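The same chain A turns up in both complexes below, where it pairs with chain B and then with chain C.
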Partner chain A sequence: MSSSPSYGPRPWTFYVLAALFTLFVIFLYGPMIGVLILSFQGPSASLVFPLRDPSLMWFDELFNPRRTGDVVGAFYRSLPLAGIVMLLTVLVSVTAGFAFRRRFWGSTAIFYTAIASLIVPGLVLSIGILVTFRYLGQSASWYTSGLGAHLSWSLPFGLLIMFAVLGRLNPSYEEAAYDLGATKWQTVKEVVVPIVFPGMIAVALFGFTLSYDEFPRSWLTVGSKNTLPLEIWTMTTNVTSPALYALGTVTTVVSFIVIAIALSSIILIQRKRSS
Partner chain B sequence: MNKTATKTESGEIRLVNVSKKFGPSYAVQNINLTIPHGSYCCLLGPSGCGKTTILRMIAGHETPSSGEIFIGDQMVVGKSPVERGTAMMFQSYALFPHLTILDNVAFYLKMRGVGRDERRQRAEEMLRRVQLHHLKDRMPAQLSGGQQQRVALARSLITNPRVLLLDEPLSALDEFLRLKMRGELKSLQHELGITFVHVTHTQPEAIALADMVVVMDTGRIDQADSAKEIFNSPRTPYVARFMGGQNVLTGTVSQISDKVVYIGHAGGGTFEATRTDMPAEQGKPISIAVRRDRIRLRRGSGASGVNQISGVVEATEYQGSFVKVTIDVGGDVFVANVSDADYFAEPVDRGDAVTAQWAAADVHLLSKLDTGAAGDPYANATH
Partner chain C sequence: MASLPTADTQSSNKTSLLMTYLQVTPLTVVLTFFFLIPVALVVAVSFFRYQMLVGLVPDFVLTNYIDLIKNPTTWTLYLSTLKFTLIVLVITFVLGFWIAYFLVFHVRNLLVAIGLFLICTVPFWTSNIIRMISWRPVLGKEGLINSALLKAGAIDQPIEWLLYSDFSVVVAYVHLFTLFMIVPIFNSMARIDKSLLEAAVDAGASRWGVVWNVVLPLSKTGIALGALFVVTLVMGDFFVVTVMSGGLSGSATSGIFNDLQFLNYPRAAANAVILLIIVLLIAAAIFRVVDVRKELVR
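Let's turn to the complex of A and B:
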């Protein structure tokens, strides 16, 4: 008989799940890192490993296009579009979130109608929007039909996040503000918005990224000028140079910068409150 | 500009036929209650009895479905808390998590457009008063429960209210802090001289604090009286059971005179009680209350004479200064709180036959017949 205490071995499921998670991480980040490395490919213009004579020439190619498409133009469409989608998503989600805090007649129906656009296939929606615009005699462009298509995707997410955020907002904060003489507007400005601000950043982040890399709902709705995901897709069919990888790297970096800004501002707020 | 409440205005609260409906059901119904200026009033009852609804209607966070509420000589239904001169301290304290302690306390002044320097100075003064000045730059989440409560108090008091409303203010604190803050609330009320209305479901808290205790049962007031009256002379079986410390017995009036009522108990005994303004009628059933700590116990089952009842000891519980003896009297529970000296002079144990007796002066007639249904959350408590 052993006299040393036994704390029990880890169950076999631990190793299975750890292996699964490792696979998942490799699958997620491996290709991304591969693209990142290959975007520094040298003049050999090889699309596959190994990396020879690393250089920045394909980034240069991206911004001074000779053989690639209008990447810079696409970027300057995608960025403002994502920005507008972000602002509108925050505005609508927050106000709708507050409306839904009180049960009102038809609230359930409205909620399900809004959420339903999450399950409508994006490509089908894209076709539908184009057909409708044609029928109305309008031409599709990123700031009209494209914007609407993107909002149909980002708003339900924003709304669901706001439900979660406002569900945890104790109504006594508003009552306390009223008790202390705050008007409705002062209550919103001085109490409610500051408290739910991290949630609003999360909504903004979702609105931005969902729009910035949206493909299916952009497909037929942005008109003759492509947004970035469409441009990348076009390039995969007719550009056979590492400029494609350079573009992948640049767009990923932009996404990461946006996420980093959003998350660090949330962390900053939390730290200010609890440190 | 609207009138600001000052301490010189009366903080008397008067509720006249106040009802509040949520959907089809009444939270409170036909409440009539006057809370004198400068008193410490406790609204006491189990959860769901409507006590918080009354508090919130006085505060202006709930509008009555019908009836009128007066504070001083002002009808306040439809008015804002600031116009009423009330301030409320919330159960969760509701300190704004994004503001420092100082900014929390200064919030009211900021809303009124008081300049930054003046409001900081006044808020600091208020924080000094609750001995939290050294924490003024902390955030609420960094404070202990007791400190948060004091901040909440300071934030309410800076409005200079004539009525302070407290929604279960001590329920979030541990036992030690609860007793400490209880004392502080009482002395604060004494010092300020304004009306305090305090909602609680804990009867020792109400008895310790209140000049006036309002015992509530499902939307109605059962009794509103001084703490001593409520504890000593409950008017209904519900109040007697809820306050604890009483045995409720039911029998039939066998004989009645100007001064004395005799009651025949189903178990065979006769109880004698002093006649009061409670309704008593020959041949009709009636309930009485007998204080648990006025009972004398002796061994043996021979109940003879009035105001005695025999049974078998079911349990004994040592409580320090007294021993709680639970006796099974023909299926009903009867409790005697015997002083430790008396108990250890003649100890009884589980299974012993005992007879309890008491003086006629310690019997109180109740206005309603005991249904036994009234919730008694303290049936097993030590009181």
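Let's turn to the complex of A and C:
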């Protein structure tokens, strides 16, 4: 990746933009690191710096709730929900992505419906799904209406990623495999999947985190039992102790573990392939 | 890179067409049940009558819409939302464009570029609400900025407008949504053939001329997608504006939220329809300028 004068001294714009980039990263991470530090606040329960008598008491408070509500329960709903959304997002958007490689009657309509589903304000859809379930005589719950609400947002994302991935899959590779005598199944296994697999992991990562952090679409659709973002939202209005920061630290750590798994599996696959 | 089926052989056409429809069925089913039908019902309910204690009464009345249009609060809220949308759009575009430009054209090592790109994207995978709240100890009255400025003697009273103001709302939006600009613009820029830039320089273009006449037009798909994301996210937001303004500012969705609290579903639905129409009009305008689909499947 080089700019127009490929070699030689870096242009002055490099330094200006490097400074901008550094400031942006500080802007991006600074506050999060602050929350991380403040979650170890001592019994003074101060919500701002400085950190006094570091302790783990707010994590303890979080998992042995006296005032903070049902964080653990919410976590055990959010995690499986995100897992199911991840699985379905991969399955559905990958197959749909392959369908879109050719033009078929209705493809444009389906594409624009997916885009509309992506950009419709979450609260609007939340109302709609709630009303739909009410008319069907069903009560809303995280594993029915909540799941659907999350899919309405993760599937279009997955589809867009698949477009980017499949754009790199030249049909002539498959034709070459056929010409060399490969069966359809062999072609899929040996040619298509290896090219598409890193993209599938990206879709999985999107599916998981879009669901795990989703708030507006969950708001009316998860029923009486909250998922984690809703629980956090309730806490922001009720809880004025560093327990809130401790929760932030815990959810961020979970997110980072998921990212680490996804990225390292992509790297592993690439390395395996190159050796 | 044409992935369109022009090369398909005639013999396999029938079976593969059936296959194609089977492949797209699950997506269509989900979109139908969790997007098309719900939105259609929202439109239907927006014409229903609201009756105290009874709730929804099926009917066809325009009172919900007339109520909203006559109410000055609606106008204030929508204007405030549009104001935030414009400000945030400009800031995120400027930031997103130059950061993507830096990563693609200034960082010479591909691995370093990918690493820096990942650094930008990682926060996206973490909770939005937590990232929003994390500004409190920074911007608050006793927060980092105020205490630092006090200590330095630059001010002798904490600056009040840092938190719970329009300023903090914009800061939170930029913090949350700049990513949605960086990623698509980065994606478009990464596809630009570097030799084009060299050709432009050889032909006597200035550095600025290259950016304006070559890079900017070639990244318009990314810009359009980014703008689409940012506009719809800000327009549909209720939670950031509520938390970060301390309840002082509202957004178009605040009106919907209030009506829902009183179980006035018809008026909430009417407001939702108005919001939806505005968002879709903006999206259509963006799609008119750039044929996103053609560029995506290319």
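Following the convention adopted for this analysis, the second predicted complex is superposed on the first by the 247 of 275 C-alpha atoms of A that agree within 3 Å, B and C clash if a C-alpha of one lies under 4 Å from a C-alpha of the other, contacts with A are read in each partner's own complex, and residues count from 1 in each chain.
Keep in mind that, in the parts below, a residue touches a chain if its C-beta (ideal position, glycine included) is under 8 Å from a C-beta of that chain, and two chains touch if they have at least 3 such contacts.
Computed from a predicted model, the values in this text were never measured in an experiment.
Asker: By the touch definition at the top of the document, which applies to A:229: first (chain B), second (chain C), both, or neither?
Answerer: So A:229 only meets chain C here.
Asker: Which partner does A:255 contact after superposing on A: first (chain B), second (chain C), both, neither?
Answerer: After superposition on chain A, A:255 lies in contact with chain C alone.
Asker: After lining up the shared chain so the two structures overlap, which partner does A:180 touch, if you call chain B first and chain C second: first, second, both or neither?
Answerer: The answer is first: A:180 touches chain B but not chain C.
Asker: Would you check which partner chain A:194 touches, where first means chain B only, second means chain C only, and both and neither mean what they say?
Answerer: After superposing on A, A:194 lies in contact with chain B but is clear of chain C.
Asker: By the touch definition at the top of the document, which applies to A:64: first (chain B), second (chain C), both, or neither?
Answerer: After superposing on A, A:64 lies clear of both chain B and chain C.
Asker: Using the touch definition from the top, say if A:93 reaches chain B (first), chain C (second), both or neither.
Answerer: second
Asker: Once chain A of both complexes is superposed, is A:48 in touch with chain B (first), chain C (second), both, or neither?
Answerer: The answer is second: A:48 touches chain C but not chain B.
Asker: Which partner chains sit in contact with A:152 here, chain B, chain C, both or neither? Use first/second/both/neither.
Answerer: It touches chain C, and chain B stays clear.
Asker: Considering only touches as defined above, state whether A:29 meets chain B (first), chain C (second), both or neither.
Answerer: second
Asker: Under the stated touch criterion, name the partner, chain B or chain C, that contacts more residues in chain A.
Answerer: On the superposition, C touches more of the residues of chain A.
Asker: Pick out the shared contact residues on chain A: the ones touching chain B in one complex and chain C in the other.
Answerer: Comparing the two interfaces on chain A, one with chain B and one with chain C, the shared residues are 170, 172, 175.
Asker: Could you pull out which chain B residues touch chain A in their complex?
Answerer: Of all residues in chain B, those touching chain A are 59-61, 80-82, 86-88, 90-92, 94, 96-99, 107-108, 110-112, 139, 141-142, 155-156, 159.
Asker: Would you tell me which residues of chain A are touching chain B in their complex?
Answerer: Result: residues 170, 172-173, 175-183, 186, 190-191, 194-195, 197, 269, 272-275 of chain A touch chain B.
Asker: Quick check: in the complex, which residue numbers of chain C touch chain A?
Answerer: My answer: residues 1, 3-5, 7-8, 16-17, 20-21, 23-24, 26-28, 30-31, 33-39, 41-42, 45, 95, 98-99, 101-110, 113, 116, 118-120, 122-131, 133-138, 140, 142-144, 147, 175, 178, 187, 194, 197-198, 200-201, 207, 210, 228-229, 232, 235-239, 243, 253, 256-257, 260, 265, 268-269, 272, 275-276, 279-280, 283, 292-293, 296-298.
Asker: Chain C touches which residues of chain A in the complex?
Answerer: 1-6, 10-11, 13-14, 17-18, 20-21, 24-25, 27-32, 34-35, 38, 47-49, 91-93, 95-96, 98-104, 107-108, 110-111, 113-125, 127-129, 131-132, 135, 148-149, 151-152, 155, 159-160, 163-164, 166-172, 175, 205, 209, 212-213, 215-216, 220, 228-229, 232-233, 236, 244-245, 247-248, 251-252, 255-256, 258-259, 263
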